[in-house]
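Look for subunit A in each of the two complexes below; its partner is subunit B in the first and subunit C in the second.
== the complex of A and B ==
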């Protein structure tokens, strides 16, 4: 009888729902929510252009051609030229490398710090939880712009300062989230089962807590990554981040401002770049979150 | 199957209370489990059975603590053990089965990874060898197609299958004592019987002791060597299973047996005990069972006595003890 039950179970569960189309990539995207698929395709394309672009098109973001200044898009300059006659497309690719890297690094560092502290707080409780969560309460009230201004005043502007400024507050939401999740997981029976089997604390943290936290945390990470991109752009726009002549999307926006009427593409290009990149990353996070909360059939 | 060696597990005067104070949830509980025997701990929800089990492995939830008593396992004092020794005892000394087998499996890990954990960590086996051993263990607990099952995730298993997996995991490190906390309560009746037969077969083969926690007397009768009946954090009757089932002394034990399918009333209905199961917190005075006891109800003299002072646990011959004024009076009168 038991054999019958398990055989029928096997038939329903080992057969994955095959999406239309072939190939591993198609299968990877096809089983997920459309926002995840669309977001990954767009973000993947953007990353490919940012990484491979300079090598493919041999672009020089610093080369000035003062006679060709403030030109509209053309065959030679795909997105036109700026006030010094530099290629806007080249600067967009070069600037995106800065903006996306800074946002990604600050998110990554924030996740590592926040998740470690959050899990430990949820699992250990006691004074560690109390102190770390009160620090979170304190920091979460301070906007990262204020911290950036403060740090720039001390250390001067630059991308390291920017990353540090974003990380100081950036880890707090992850800490709070993973503490909550860790409390949830800690109440699960399978944690009791592992304890009963004499597993060490560290083993349980690594083998049972982390895998159960990764999905929800990765969803939130992508959602916040989109938000971070906009913040990085905003801080650079204010002159608190990347310094000229290095291009950065926020910096390009600021530099384009005086020429808005003569060369609107100068502003539209970096603006759209920030918007589309942030949107695609947010879509990835949204899709992950929907897949996670969708009931299993 | 009872053997007369030194007890494998001995709990003396165990008291468990909330860290915030209040009446103790387990109050002066004593029990012993000998090597190779099955002791059934019987009682209603809230009587403290599961807390007893968790106290033995020192895994009480946050907010509860052991405030008194002694626990010794295989001659070692559990309450003063180092964390490392505790982990060794939990894996290799004491295994546990629980009520919700599917919830006991990590949803993100494959079955074989979890069954192999005590082998790799506890016994220091290599991963590959441990996975091979897992297949054997799963075959031992009669899991069909163990190779395929080993790669499954928890949500792909039925309740009975998950409990077999838990059994394989608990027995992987070859414990001397298996604490089974209502192992069949969440399962279908047919699957319950299979799991119990399997448990009995494995116990006969390897001769480990079992502390079976249950409220189901049909299970107890088929399974246990000795019975300890718990009510509101105290043991009210304790003795050999056959003797207690045939001639229960405490009114609560008698009522429990009459509540079960073993002994339906004359008109075919099942008895229900009036009132609801008391926890150790709602004790007024005297015998904890007195407010629900049918013996006390009609007898004013007894009523006075039972509500006035709590009876002690008095021996009624070898190995049988009861905590009841009424049956003690009868015994001394006879």
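== the complex of A and C ==
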């Protein structure tokens, strides 16, 4: 309600609509659920630790200290040590770089492919729309783990196989969503108006079309990113992704399995890392999607 | 409506042809000679007799041109003959059959748990959208979506198997061994079912017939039970079939963790052992099941909803 009032005042008056300290960001956050801010802070912190961490702490994730193996968390080893006496925290930071990068890359490539196909389908229509949407229907049904394993069987395990596999099934939700949005926007009067005014197709696409897609697509991107993260972890868990001794959250989980009883921290830490990262991006995606001040649902 | 159904089935067949072609090309892509691999897997000495290899190649039809080979392979595959597994020497189709029963049991148990929790939770949230309960349920759903099932599984094992000793930590031998893997597997569908139920129930509870029922003097719980749930659970049914299809072959990690002889683990082991016939058969079977169930759900959805039967039925 309050946001609507400020908006309408902004539209009708010439005086500065935003008092000092109430910039666009503040106004945007005001319409979001608290989890959006929390998710952003958590995810930002995780990214900062993953990017800057190794430079700050200069911990060696590969250094073995067999006497110190399977130790509980302490001042020296924040999250304890693993079965070879390696620092779990250092491995967590190092491994997160792999897991998060692979998930992020596969999501970004999927977005580009999916949105392009979706917009083409929505604007061109005809046989292209029919065939691409049927393919989406069918691909969505196939579990992504199965496709990934199948590709690994052919090309062998590794980063590239993982990203390709995740992209093959990953682009479909974006295609479906952006086709729907394209159809919606296409029916808008301002698109008609732009066409009547003789604007070029490319101009309409960039100025009037894409801006409408940014918010919903980015919401779904964050929501899917959490899901991808879990899938990447699962595939590494099976030994199909990053190869040891390189650390990776899924791989660390798998390696912790035999020591479940003696050193539960070994299993809890990498899982918690995946969980918190996935939860934070889910909160961001959810926050982008839903305006708290407009309860419509 | 028939036109839509026909279209869907035609697309399904086309897709299956592509998938079969992919599966057929696996041994070529991985650069191994099936005849040699088979002979080696039979435990012959390392120096293979070239004549023997040649004979087997002819027997397998490998001397034929590639398109011809594909047709032969496809003809056998359609009749359920994918050859024998390298590892167990059993016909692939038998292995897949018994694994499917295991996976179906596991998937149904997991989905039953999911629905049992999701229906009441989603309904409660929908009673007062934006309220405190709704907020709590939303948070819970987001948490469930973010939990990796391969993390939940060891935690469950740690608590219920190692500390309490109440349930077996792995294996597949009767009802008690189903509980932990089903629980771990149920967490994500539970989250999605709750969301779907919530959205559907909000729609339903705003419908005029709910107001009418309330006006006739039915209490809110009575209204929800008699009129709301019946309509609100329709979308859940659709989702149920889709999740069932994806869990049939997609619960690889859980099946590996709990050592369950299901479809996912069978497929995974085929990859690890480079068991090509099993890999081909498994892939074709999982994909065929997934997209067939999906297509059936699509068609059923149109059958249930007469409003979708118009000319523009997409």
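Keep in mind that, in the parts below, the second predicted complex is superposed on the first by the 259 of 297 C-alpha atoms of A that agree within 3 Å, B and C clash if a C-alpha of one lies under 4 Å from a C-alpha of the other, contacts with A are read in each partner's own complex, and residues count from 1 in each chain.
Following the convention adopted for this analysis, a residue touches a chain if its C-beta (ideal position, glycine included) is under 8 Å from a C-beta of that chain, and two chains touch if they have at least 3 such contacts.
Fair warning: this is a prediction, and the values are worked out from it, not measured in the lab.
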Counting residues of subunit A in contact, which comes out ahead: subunit B or subunit C?
-> C
Where does A:211 make contact in the superposed view: on subunit B (first), on subunit C (second), on both, or on neither?
-> first
Please work out whether A:198 is in contact with subunit B alone, subunit C alone, both, or neither, and reply first, second, both or neither.
-> first
First, second, both or neither for A:224, with subunit B first and subunit C second | neither
After superposition on the shared chain, which partner residues are touched by A:238: those of subunit B (first), subunit C (second), both, or neither?
-> second
Look at A:159 in the shared chain and tell me whether it touches subunit B only, subunit C only, both, or neither; answer first, second, both or neither.
-> neither
Identify the partner contact of A:125: answer first if only subunit B is touched, second if only subunit C is, both if each is, neither if none is.
-> first
Classify the contacts of A:190 with the two partner chains as first (subunit B alone), second (subunit C alone), both, or neither.
-> first
Please indicate which partner A:91 is in contact with in the superposed arrangement: first for subunit B, second for subunit C, both, or neither.
-> neither
Subunit A residues contacting subunit B in one complex and subunit C in the other none
Show which residues of subunit A lie in contact with subunit C when the two form their complex.
-> 35, 133-135, 137-138, 140-146, 149-150, 152-155, 226-227, 230, 233-234, 237-238, 240, 250, 253, 256-257, 260-261, 264, 267-268, 270-272, 274-276, 278-279, 282-283, 286, 295, 297
Any idea which subunit A residues touch subunit B in the complex?
-> 1-3, 5-7, 9-10, 13-14, 125, 188-190, 192-200, 203, 207-208, 211-212, 296
What residues of subunit B sit close enough to touch subunit A in their complex?
-> 57, 59, 62, 86-92, 94-96, 98, 100, 103-109, 114, 117-118, 121-122, 142, 144-145, 148-149, 152, 154-158, 160-161, 166, 169-170, 173, 190-191, 194
The residues of subunit C that touch subunit A in their complex are 7-8, 11-12, 15, 22, 26, 29-30, 129-130, 138-139, 142-143, 145-151, 154-155, 157-158, 162, 199, 202, 242, 245-247, 249-250, 252-253, 256-257, 264, 267-268, 270-271, 274, 279, 283, 286-287, 290-291, 293-295, 298, 314
